[in-house]
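Shared chain: subunit A. Partners: subunit B in the first complex, subunit C in the second.
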Partner chain A sequence: MAKEKLIIPGAQQTKSKLSKYQVQKQTKSVLVSIFRYVLLISVGYIILYPLFALIAYSIMSRTDLLDPSVVWISKTPSFNNFKNAWLGLDYLNGLSRTVIVGVVSAFIEVISCAVAAYGFARFKFKGNGFLFALVLFTAIVPVQVIAIPLYLNFRFFNLFGLTGLIGGIFGNPEFVFDLTNTPLTFYLPSLFGVGLRSGLFIFIYRQFFLGLPKELEEAAYIDGAGPLKTFLRVIIPSSGVVIVTVSIFSVIWHWNEYFLSVLYFNDNLPLSVSLTQINSRLSSLGVTFETQQGNMAAACLLFMLPMLIMYIFLQRKFIQSVDRVGIVG
Partner chain B sequence: MKTRNLAKFLSKYFALILAMVMLFTACAPAGDIDDDDEYEEEYEEEVVVTNPDGTTTTVKQTTENGGGTANNGGSGSSTKSTTWGSNYIKTMSSTVAKKGIHVLMWRSYSKGEKAAVESFQKLTGCKVRTTVVPSGQYGTKLQSLIAGKDSPDVVCLDSDQYWPGLAVQSCQPLDKYTFRLDDSVWNKNQMNTVTAKGKTFGAAITGSFINEDINYLVYYFPSVLKQAGITTMPYDLWKSGKWNWDAAYNIAKTFYEKTKKTGIEFLDRDAWADSCGTGLVTYDYKNSTFTNNLANASKKKTIVNAWSQISKLQSANLCKESFDTAKLGRGDCGMYCSISYGVNSENDWFGSVSVSGGAKSVEVVPVPAASQSSAYVPYRSKTWGVAKGAKNVEGAAYFLRYYLDPANTNQENLYYNSKCKEVFKYITAASTKKTFMCAQSVVNYQTKAKFEEIRNKLSEAQSSAIQTVLDSYNPTITSAVNAANKLVSTRVK
Partner chain C sequence: MESKVIQIPDLDKKRRVKGIESKKSMYGRMFILPWCIGMAFFFIIPLIQSLIYSFSTVIVDPGEMSTQWVGLDNYKTILNEDPTYTDNLISAVTSFFRSLPIVVIVSLILAMVLNQKFKGRTFFRAIYFLPVIIATGVVMQLLTKNLNGVDAIITLSADTTNTYTSSGGGGGMDFTTILNSLRFPEDITKTMSSLITSIFNTLWSCGIPIILFISGLQTIPEQLYEASKVEGATKWEEFWYITLPMLAQTLLLVIVFSMIDLLTSNTNPVLNQAYQYMNDSAVYDISGAMLWLFFAIVAGTVGIVIFLYTKLLLKRWS
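Then we have the complex of A and B:
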């Protein structure tokens, strides 16, 4: 007996309908994929173009910079621009100054903001909301608005008049500390949570601490730990990701800080300020620079290099932390 | 338990007392900030006097701080002088030298300037402390230093940015005797641009690169123009009295037709227009007033005609605005109208020239006007002043007299060639007619970057529309002029 093929009326029609659907789905998927890649490449190009331009210009010799046919790839590459940039930036001194002033200040800020944020997150006291609003306010007000009072504060640093009171006892009632031109102009604000972007960091920390389970702390209190011990032994170890995020942002902001550096320092300037003066410095050193572009490009790369190296090492942790903390940009 | 409670009680109240003490002591006056008037302090100092026979005599005399005296000749009598004399540097007293000088700069010194500063220090024993601040932060830094009682003794007053605003607010008038203002070495023309109510706020020396580097010139390379078929160079036209707007237009046009490259590029297009002798705003130092020239019908007509020249160049595609000096050296444009800063070979504008003849072949001519005889040299003034509260005004006077002197910065050897030298000396000579370009500083003082907007609109307008554009901005300019006049009248006493 021949096997009878079971024919279900309409079955053929259903199969073709499914194929059509599958084809449509596949086409849509391909188009979306193409669109995604185009978008990512375009955005990537916009973001990376300046970096590529810097790299290209920094290794161009004088001939290349004057040759209109040379756009990206140098015909006669040379590292002379880096040599001039090293000289013009006074790189080692500038780097050490930037590390001493900026990086140390950044790490002080990371710690102080964590302490302040924990207080806001976990302790109920009168004026909590109002004080936190003031903290956010410090992040909103641009530093240029309060530049002169800030300068005067450090120029005549008298601890609310205490130095005058003590000085008066010893015969010098006008005694003040002149903190300008010292790293203390950055250390002190960082220590007290009013440094660069401290308001923002306190906000980030606070949001993170609010998300931590209270049971952890309750367990610590039951074991006899006080608030400080709880903070150090329980909260900090659990906050690795947010600490990494805040550290990276803080270091980068301090690294790039320009306005306050110019305001507070008269000499021994950090790299961010030296970068703007490189051409006139080279001129005063008797270096006849070929064209400014190559030197500037090399100087910018030298300036960015330490941060790039830092990011390469901390990249994985940073991405994890951004993901967990939810900070974008 | 009782001890713990006592400790808590004491610490709480000690904290409260400390806070009260801090609050009350903080409220106490911290000392008066110096007002506009110089304070007087008498002290004795030694002055080295140069006698007519060339010998020197050291005399002791009392002086007023900020008002120094100088003796030039005689038998050591303490008469005040308003001229420097030939051996002025030796008359600087040791008391003044010991104080040192603080200079606030916006860039590092050039080689020649550095040599002048070092030589000044060596000759006088006076230490020069220089603080270099990026130009964008110059005003903020100056005000911070003044507020912090660390005023610099020497500041640069670039008229573009600082006149009248910062100059009047942060600088003190120069004393006639301290600066010997009657001496012929001073560039009275430039100094009048920063003078109000008979008080001068800045010093300048005639022909010095340091303060005459923002006069406008036209640069070109003869080899580039010759390659475009131009046989008569702008310099030759200028020498024969035929250098004017039409001649410049013809050269630009020929260059463009032959090479398809820009005929002329401008750093600032208003310089090309201001060579007619009438800018948008004029400053009269005798009456200490700014005037909106659009309010005068005949001046307005001159301004419209001047800006029409730019429109004519623009319509024929012969001009562009550009900061790139290297284009001239590559032969990518025929002429470049820019500031005289480039005439100083130390500034290396033409360090990377690929045209035939090299950097040394660059030539310059003054900015043309309707006719050569009616041409004015447009310029922005750069003078050097003394900040309020400066501790060594007399030292500043000596320093500026020395530093600005072209002889001390090896200036004679810094020109690219003799033609550049000749034209630079011409445009900086006291007898040459000049237009002080103060419109930018006046308009931008009230609204930042507004003048650039006006300039761009005027440059882009058709010839027939220039009057309309000027009329539309007339109220803005009038308001800015009134604000500047009010500032000068209220701040300068």
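Then we have the complex of A and C:
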């Protein structure tokens, strides 16, 4: 705007032309912004659609579901579905298990991946490139491919062969642990940086560390700090942004984890597993319920609720963290 | 930079630098050592084991498991005798390679729109990041698929034999019914509904790519655009000569991420079939072969894509 004002006094005769140009420009910008809002709102509708559908279903009674005139808004809303879902999910127990297994594992992963990624980003050593290619490889392999050996690994866990040695001393060389049904099935891979989608997190961290100025560390080295101390005192405090992003991703993915949980847990089910079994559980409890869809929708909402609350609270921070330094350095 | 100012005798300098370098490389190994151990025990060994299963007969006794090498028999079985596997494989592979570019392009466009300055930007962004919560897990599976005998909550495609579609009632919106009520010819209805399904699926898997792209777009310095404006570049040229090259790294990240996402998505018929074998009847050899064949095809192509991308594009752009 300021530029145009500067030009106008110099060329009085072309004023009408300029205003025509301005009109053109204005209509163009109005059209662009209309197009933008139409696009954003329609795509936003598609994105929010499952959430709307869940909410609509969760308060519908049986009569609503059978009534063709009911599309979105229930005529006889009832909150029975939520009551049933609460019971069928064994909500509070399931919630605490999900937190103990998933959220703790997520935070372990956030730390271990940062350590590994720092090694990849800042140190030159033989095989760095090859090992980093392996990181990407671990990220691409679907967990289903290695699920069965992993399960057996935990079912007959021998601490990398160490328990055999110890057991041998006590005369039982086939001494193994059964780690299934314990949170260790998630903690151990997370601890070693090969947990849920760790490959992706190492990649994100590495990109971020590569973008950090080297002067930061050089200053610390000159002050006599070793690499570990530098990492803890200099690098970690200056990467809050990427840590927030990775934490949010990791917590959400652990929360939604289903495939491995089904494999590892028989009892003490986390929420994601009991969610899929809610109707059979309700039947076995002898609870009469109105519709399976309604139960399911209410249960889904209850399941997502903690994540939605977390998202609402952290949303501003999350978007800022995406905005600022950016994940990709 | 300091070395230019402070002159150190050559030999001394070399020795000192080498000392620091080797020390540094040792520290580097220390940092990735835990990861190396973990990768060996929780990734490489299970991977090799599952490969061995796919070439053997696995007999499961209670508490014990024995394998017997049978060579390519499992692969022959799934390719020649299994009636559905080849179809599943073809549809999984084609949908993988069809969805990948669409997801990448659509999320790039949406990210560029969301990156502009306009009213309500934060609001829209908050909405657009939501699929990260909803669409990454079991909820989506429950919404779109019949699981454990419960009907899907949302019906999108015409081919699902859904009980309450016929009963006519129901919450939400049923696109097939709407399309049917418009009385189009059946072919059009079918294509439309499959188109709608794919639009929905694509947009739901765009959440994280959009985030990655926006964060990449934020790192592009504003001066570049100002300079190009002064030089008289059009928007189109700006996109090709500034935005895209500056996003090269992000693009790679998005491609890698979308590949993982599509590969492990719950709509993948090969994974579902193998999973059924594993879960319902504890058949680990056949299911292993199913997964490995699919995975080998995809990994090979993906490797080529990444290789070409880094060799050709990244070099040209940087």
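Simple rule for what comes next: the second predicted complex is superposed on the first by the 305 of 329 C-alpha atoms of A that agree within 3 Å, B and C clash if a C-alpha of one lies under 4 Å from a C-alpha of the other, contacts with A are read in each partner's own complex, and residues count from 1 in each chain.
Rule of thumb we're sticking to: a contact is a pair of C-beta atoms (placed from the backbone, for glycine too) under 8 Å apart; a residue touches a chain by one contact, two chains touch by 3 or more.
As the structure is a prediction and not an experimental result, all values here were calculated from the model.
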| item | value |
| --- | --- |
| Joint occupancy of subunit A by subunit B and subunit C, clash or fit | clash |
| Which of subunit B and subunit C A:84 touches, first, second, both or neither | neither |
| Partner chain(s) touched by A:140 [first = subunit B, second = subunit C, both, neither] | second |
| Subunit B versus subunit C as contact partner of A:116, first or second or both or neither | second |
| Chain touching more of subunit A, residue-wise (subunit B, subunit C) | C |
| Which superposed partner A:193 touches (first subunit B, second subunit C, both, neither) | second |
| Partner chain(s) touched by A:239 [first = subunit B, second = subunit C, both, neither] | neither |
| Contacts of A:158 with subunit B and subunit C, given as first, second, both or neither | first |
| Touched partner set for A:253, first subunit B, second subunit C, both or neither | second |
| Subunit B versus subunit C as contact partner of A:281, first or second or both or neither | first |
| Which of subunit B and subunit C A:266 touches, first, second, both or neither | first |
| Overlapping segment of subunit B (options 132-140, 276-284, 294-302 or 456-464) - the one that collides with subunit C in the superposed model | 132-140 |
| Doubly contacted subunit A residues - partners subunit C and subunit B | 65-66, 68, 144, 147-148, 152, 160, 259, 262, 276-277, 280 |
| Interface residues, subunit A side, partner subunit B - complex | 62, 65-66, 68, 144, 147-148, 151-152, 155-156, 158-162, 164-165, 174, 180, 259, 262-263, 266-267, 273, 276-277, 280-281, 283-284, 286, 288-291 |
| Interfacial residue positions of subunit A with respect to subunit C in the complex | 33, 36, 39-40, 43-44, 46-54, 56-57, 60, 64-68, 70-72, 74, 112, 115-116, 118-120, 122-126, 128, 131, 134-136, 138-150, 152-153, 160, 188-189, 191-194, 197, 200, 202-204, 207, 211, 226-228, 231, 249, 252-253, 255-259, 262, 272, 275-277, 279-280, 292-293, 296-297, 300, 303-304, 307-308, 311, 315-316, 318-319, 322-329 |
| Complex contacts: residues of subunit B adjacent to subunit A | 21-28, 30-31, 107-111, 113-114, 131-134, 137, 140-141, 143-144, 147-150, 326, 329-330, 346-348, 351-352, 354 |
| Complex interface listing, subunit C residues touching subunit A | 21, 24-32, 34-39, 41-43, 45-47, 49-50, 53, 65, 110, 113-114, 116, 118, 122, 124-143, 147-151, 153-154, 164, 167-173, 199-200, 203-204, 207-208, 211-212, 214-216, 218-219, 249-250, 253, 256-257, 259-260, 263-264, 271, 274-275, 278-279, 284, 288, 291-292, 295, 299, 302, 306 |
